[in-house]
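What follows is a group of structures, each given as structure tokens.
Next come two complexes built around subunit A: one with subunit B, the other with subunit C.
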Partner chain A sequence: MSQQANKYTRNHRVRPDGAAKVTGELKYLTDLKREHMLYGKIVRSAYPHANILSINTKDAEQLPGVEAVITYKDVPGLNGFGIVMPDQPVLCQDKVRYVGDAVAAVAAKSPEIAERAVKLIRVEYDPLPTLDSPEKALEVDAPLLHQKGNILHQASYQKGDVEKGFEKCIDIVEQTYHVPRQMHTYMETEGGVIVPEANGAITVLVGTQHGYKDRFQLSRILNIPEEKIRIVSSPIGGSFGGKDELNIQPYAAILALKTARPVKIHQTRKESVISGIKRHPMKITMKTGVDEHGKIIAHQVKIIADTGAYSTLGPAVLDFAVEHATGPYVIENVNTEGVSVFTNNGVSGEFRGFGGNQVAFALEGQIDRLAEKLQMDPIDFRRMNLRKRDDVGPLGHRIAKTNGASEVLEGIASLYQDKKTNQEPERWKKRGTGIAITMHGGGLGYGRLDPAGGRLSLNEDGKIEIAFGFEEFGQGILAVIEMIVTEELGVSADDLSIVIGDTSLVPPSGSTTASRGTSMVWHAVQRMKTHFTEEIIQSAAKQLNISQKHLRMGKGGIYSDQYHSKPLLTYKQLVKHTSSAIVTNTSFDFPTTPDEVDGGHFLYTFSGVMAQVEIDLLTGKVKVIDLDQVIAAGPVVNKIGYRGQIEGGGVMSLGYTLMEEAFMQEGKYITENLDSYLIPSIQDVPFALGVEAIESLDDGDVYGPRGVGEIGSVAVAPAITKAVHNAIGYWANKLPISSEEILNASGKRSVTSWMKVGQ
Partner chain B sequence: MDESRTIDILTNKSTDRHILISFHMNGRMLELSVEPTMRLIDIIRGQLDLTGTKISCGIGRCGACSVMMDGHLVNACLVMAYQVDQSQITTIEGINTNNQLHTIQKAFLEEGGFQCGYCTPGMVMAVKALIYENSNPTEEEIKEALSGNLCRCTGYGGIIRSVQRAIKEGMNKN
Partner chain C sequence: MDKTTGNGSRLSHSDPPTTGEEQTSIMVWKPKQVEEAWELKKRFGDDAKYISGGTLLQMQREQGTPFPGHLISLENIQEMNGISKLEDNCSDAYLRVGALTSLAVCKKDPLIQEGWQLLAESISDIASPAVRNRGTIGGNIVYGVGDSIPALLVLDAKVSWFDGTKLQVDSLWSYLKNFASNQHIITSLLLPEKSVSIQEKSWFKKVGRRESFIPSLITIAGYCVCDYDQMVVDIKLAVGGGSHHPQRLKICEDILYGSKITDHLLLEAYEAINAEFHPISDPFVSGEYRRTVAANVIVSELLTMQANR
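Now for the complex of A and B:
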């Protein structure tokens, strides 16, 4: 990774959670055991769509070792969950709408007994027609999946007059793109332990991306006050957006309350596939036209998203896709319309990229197809249409000034110059190279509650305690917190106690999603550091009887400006004789656009991707041999973490492009485990992945480092797709690109005579 | 852990279906009374509470449960109790001596060979098995050896750099 050191990255550090991870000593929440603990298991629907006629739990209840069986009758409060709209039943009463719907759950003395008990629960169904595509769900006589119909959400954006725009075009490309249902495939499947406490309280030891939100949702379901629910939500073995919504928590909680014993649920992979949310499959039709100067002047977009049976974050994902449908390009006339449709397929929801990955594939596909039509270099064509530093955002709203789009394009252009001359290796192999770029909004967007906050204090042990309501699911938030706080306060890592992921100990910081963590940690520390330092120095000055202006915070304690080798007072000594607590709190909102544009973002990051593929014409196998990204997201905080996010996001999208599809047929999963749902292995990735960080921000940009959790995953698919085209002249418009279609395409064409346009 | 102990597995089935197995776990002799088809992963995690070894796919596709059995890398979800009898099992808990990090573990720590860490114990075991057999593997040999261990976070970049570092630091002593 090429990059100059900044104040955060000049010191090499290993992650605070690293040693426990490489030794296996770290206890994940699914590793926990408690005394008298029971094992829970959930009964899911046998049909994608059916009325429930009866649920008989008698045999299961009588099985020795079974301590509780629950159905809808046992839900103490609201029988529903969902981050925005609680329309997913915790336990279905009269109807099931997808194969992941829960009908009953058991708690038993061993996992084996729970497994047997589940098989003894008899549910009688009356199957209903399966709406296994948005098209079917939109038919006029389709059965209604929810009271208000089969449309979850519609979103649109209009600018100029797109029809008039097309009239002036000299060339138009119209294409429909299909993107698959991608599974997060976090290695740790959903699970944890829920422990009943005194006075009807519970402790929930289950991974999530927003502890306070789980607390709110569980309070509603269990009908107990939020204060009685403690959520411990870290560490987590991967999430990528997939564990933000509730999963097993309601079942383990109800079982724990009913049995007054701790209950553990750890889903098997198959259970995880069937019940877990996925990335929205979308059908995206784009019609894009250019004038005689090569300027894109009209862009029409229609998005149909398959949101599955329940809402979760479906509306926000569609809004994000609509917002990003023009990407980093400035287009005079735009008409974007999106609809998110309920079906009897698996529930779609939050996933790294949040709708951006889907539209980036389509948009960059349009750009490359237009460049080919115009016989223009795809980089020059992008240059002509790219947004500039002072341009407004994609919904016409004001955003933080940035030249990121141009910076990543020029960065990737120079990489492309160096690498595009790669030789064909052997007769039956073809190589090709492609590039793509994108811009991606961080935070939840205008009009959405997006609070953040943190707390700095000197705790009883003499540690500087920094607390956030964030979760560690692998992304490295702990390392980011350590680096920012040690650097901004001038203290050492040993002076710190980092507290996250436990609602009984941390202030609300909002969700650990939307690439917001790094950004919000930085903002919080900027807000707190001066006040906190003053408090510390004031207190030290009193104790030492030295004027404040001669004292400063440092590694291990308080130093004077005269004497540098040792602190005059350690933090431990300071806290011992301090009469009042030293605490600084902050709460604020993620920065949003000042314009009243619903969902509009303010801080955007940018990526440029270059992919090189080698295609085996005998097998149709596409191998990615180079995957390099240039990222503009402000200063790097943790070099290893940053690189890991971009590489990991890139490879996840390599899988999206070439391998991954959670395939469903008539509402049932065909791919139920990792033998048929394939994610990239080490054999499928380039041995060296390139990451270049552009760290400069616009002059006067006060918003600091941006999060990079998502950006590395967004523009990979179109770059690989263009590389495939560059190699064999085939335009894929459906992901994942299969070997069969490659063979078919290269067989139909005389590959060797293919004219490579616009390399 | 005792030098030798017998643990009765909690089950409501009659114990006459159980067999007695004895094996070495991380250098210590253990005796267990278990159902012959119990999975090694359930013995390790469930009975012995050695949770460093993880479970993810349960069908031998992801390598999260990789352990060494008689010097070979195996998926603990595919090995049954009767096969464990008279064997030597090493889990992640058994590879660092004297509380010192193993060279491979140090390399993972320094090079960012992990993020969420859930695949890491299995990955470290796979790297150990590789280097045990081949102290200076080629790129292809590294890929071959780790192809049964899936990581969803890193994209393998950090893992490859970790392996290269571990090799470079001349670790060849088991």
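Now for the complex of A and C:
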């Protein structure tokens, strides 16, 4: 990684939670047990779409060892959840809309009894026609899945006159792209323990990306005040967006309150596949035209997203896709229209990349197809159409000035020169190289509640306590917090106590999502450090009877400017004799564009990707042999964490490109478990994954390091797709790219032509 | 005879016993003789299954097929263990591999690595190290779909099984053709020693939807010996994969046998494979794909045996 303008260069910081994780010592919330704990299990729908005629729980209730059975009748408050619109029933009353819909739940003395009880619950259904595609759901006579109809959300963006633009074009490419339903495939499936407390309160020990939001949603469902709900939510065995929405919490909570005993639910992988949210499948049609100078002047986009049965974050994902449909290119005439459609397929929602990955595949596909048509070098073609430092954002809104697009393109161009091999592969194999670039907005965007905050204090043990409402779900936020606080305050890791993931102990910081964690930690510490340091120094000055100007904070305590080898006062000594608490709080919002553009982002990160593939002409298998990324996201806070995010995002998208699809037929999952839903194994991943960080920010940029949780996943698919084209001349327009399609495309099925290959 | 009680859905579950447990409990039997195992199966019929490594039954349980009331563990049957050389009819030499030998042990065995490398190679592609440590070679064969079968077919392996009264021995190919899977107790595998040839080639290729820890879409194994004039003097071709029962490609073998490898002959072989191999389609690939890959791999391997190629 290059190192420019970065103060966090001293350490490759090993994450504080790393050792416990790799040794297996760490207790996740799904590992917890409590005395007298019951085991909960959820009954999911037998049909993707049906009316419920009756629910009979009698036999289950009578099974020895069963302590409670609940149905819709047992939901104390609002029978619905959803981060934005609570339209997903906690427990369905009269209708089911997907195979993950919950109809009943049981709590029993053992998981085995719970499982048997579930089988004793009789639900009578009257099956309804299954709307298993947006096209079917949009037919005029399609049954309505929700009162307002089958359209969840529409979003669009217009600029100039796209029809007139096309008239001036000398070349136009029109193509429809299909992207699949991807599963987050976190290692830890949804689960945890919910403990009833005195006075009707509960403690929820269940992983989530946003403890305060869960508290709000549960309060509505349980009809108890938020103050009576404590959410303990870290550590989490992976999330990638999949645990931002509620999952098993409502069931375990209702069961715990009903039985007055702790209830544990931990979904099996199969239950997780069936009930969990996925990345939105989309059908994206793009028509893109260039003028005689090679300038893209017209771009028309139609996005149809399959949002599944309920809203969750479907509207926001579509808005994001619409915003990013022009990517880092400046185009005179644009017309983007998106529609997100309810179906009886599994619920689609938040997923790393948030709609950006889908449109990046289509957009970069258009760019490469146009470059081929124009017989231009794909890098030159991009360079010609790229946004510049002062250009507005993709919705015409003002954004933080950045030259990131150009920096990653030039970075990847030079890598392309260095690494592109013309090395002859073995017989029956072909190699190809492709590049792609993207830009990606951080934070939730204009007009959305996006608060952040934090708290710095000197606690009773003499530790500098830093508290955030963020969650640790594998991304490495603890290492980021440790790095930023120790560097900014000049203290050591031993002086710190990091507190996260417990609503009884931390201030609200918003959701751990949208690549906002690193950025918000940095902002919070910038806001708090001066005041906090002053408080500490003031208090120390009083105790030591030395003027404040001679004192400074350091490792282990307070030092004088004369004497450096040992602190005059340790933090422990300081707190012992301090009369008033030393606490600094901050709360603020994630920066957004000043322009009134709904969902418009302000801070963008950039990525350039180069992929090389080797294609086996005998089998059609595509093997990625090289995957390199150049990232522009401001200063790197923790190098290992940064690299981990980019590599991890890359591998996740390698899977998206070549094998991952939660495949459904008639509203039912065909890939019900990890033996058929495939994620890459280490053998599918190139030996070395290159990560290059461009750390410089624009002069005067005061926004610090950006989060990189998503950017490494966004532009990988189009780079691999182009590499495939480069190898065998085939344009894939559907993900995942299958071996069969490659074998067909390489035209080697007829023996005679086949025999000539490789000679 | 040892017998233990296991919890129906979690054999090694450490939770404290609960009241409902006895209702889901199953019996695990541990006979020491193959005859005893046979008797137990006869006694409990469909409510019993043989188990050795248990990796397949475990996966089926995960997919929704519960364990039967009785599991007859074969682990304690001594005669089903071990790897040793033995002479048959004073002329042919065999390597005897006990059916209970774990896949990992087979893979690492020096005798197998030296003399039957194709078997070791095919085992390397089966599942993951953890599964290979538990899963047995007998288990890989007995269900009729294991990835090692195509390799064993071209190695001309024999199997020995217990039919209820005595041990029988026949070629694996005719065993697979004649018996529905899992009806007998396979006790051992017999791998014939090959004579050394000047121009010979063997290959094994498994194609899955990813590089490792993956069920096979198509598995292809072959063995070919040519004489000085590129005349095929020995040829064995086998394909399997997915839920397709492995088969020898006899028509293709007949076309190749006794002929000189030429482009024309290979075209004929290619067409023969298309004619005699009819693999199934599934939601991920078509039968056509499987057949094409099989033909591509076989012909490309044979092509390298042609002069000047």
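Keep in mind that, in the parts below, the second predicted complex is superposed on the first by the 739 of 759 C-alpha atoms of A that agree within 3 Å, B and C clash if a C-alpha of one lies under 4 Å from a C-alpha of the other, contacts with A are read in each partner's own complex, and residues count from 1 in each chain.
Going forward, a residue touches a chain if its C-beta (ideal position, glycine included) is under 8 Å from a C-beta of that chain, and two chains touch if they have at least 3 such contacts.
Owing to the predicted nature of the structure, the values given are computational and were not obtained by experimental measurement.
S.K.: Determine, under the contact definition given at the top, whether A:428 touches first (subunit B), second (subunit C), both, or neither.
M.R.: In the superposition, A:428 touches subunit C alone.
S.K.: Counting only touches as set out at the top, which of subunit B and subunit C does A:330 meet: first, second, both, neither?
M.R.: neither
S.K.: After lining up the shared chain so the two structures overlap, which partner does A:392 touch, if you call subunit B first and subunit C second: first, second, both or neither?
M.R.: After superposing on A, A:392 lies clear of both subunit B and subunit C.
S.K.: Which partner chains sit in contact with A:681 here, subunit B, subunit C, both or neither? Use first/second/both/neither.
M.R.: A:681 sits against subunit B and subunit C alike.
S.K.: Considering only touches as defined above, state whether A:641 meets subunit B (first), subunit C (second), both or neither.
M.R.: In the superposed model, A:641 contacts subunit B only, not subunit C.
S.K.: Comparing subunit B against subunit C, which has contacts with more of the residues in subunit A?
M.R.: B
S.K.: State whether A:19 touches subunit B only (first), subunit C only (second), both chains, or neither.
M.R.: After superposing on A, A:19 lies in contact with subunit B but is clear of subunit C.
S.K.: Just checking: does A:188 make contact with subunit B only, subunit C only, both, or neither of them? Give me first, second, both or neither.
M.R.: first
S.K.: What is the contact status of A:28 with respect to subunit B (first) and subunit C (second): first, second, both, or neither?
M.R.: Touch status of A:28: first partner only.
S.K.: For A:65, is the partner it touches subunit B (first), subunit C (second), both, or none of the two (neither)?
M.R.: In the superposition, A:65 contacts both subunit B and subunit C.
S.K.: On subunit A, which stretch or stretches are contacted by subunit B in one complex as well as by subunit C in the other?
M.R.: 64-65, 109-113, 673, 675, 680-683
S.K.: Per the contact definition, I'd like the list of subunit A residues that touch subunit B in the complex.
M.R.: Interface residues on subunit A, with respect to subunit B: 14-15, 17-28, 31, 33, 64-65, 109-113, 184-189, 235-240, 266, 268-269, 473-476, 640-641, 643-644, 647-652, 654, 673-675, 679-683, 685, 687-689.
S.K.: Under the touch definition given earlier, write down the residues of subunit A that touch subunit C in their complex.
M.R.: Interface residues on the subunit A side: 63-65, 108-113, 115-116, 270, 427-428, 617-621, 623, 659, 663, 665, 670, 672-673, 675-676, 678, 680-684, 738-740, 743, 748-749, 751-752, 754-755, 758.
S.K.: Under the definition above, what is the set of subunit B residues touching subunit A in their complex?
M.R.: 10-12, 45-46, 49, 51-59, 61-62, 64, 91-93, 96, 101, 105-106, 108-121, 124, 139, 142-144, 146-160
S.K.: Using the touch rule from the top, collect the residues of subunit C that touch subunit A in their complex.
M.R.: Touch residues, subunit C against subunit A: 7-10, 15, 18-21, 23-24, 59, 62-63, 207, 209-215, 217, 263, 266-267, 270-271, 283-286, 289, 292-293, 295-297, 299-300, 303.
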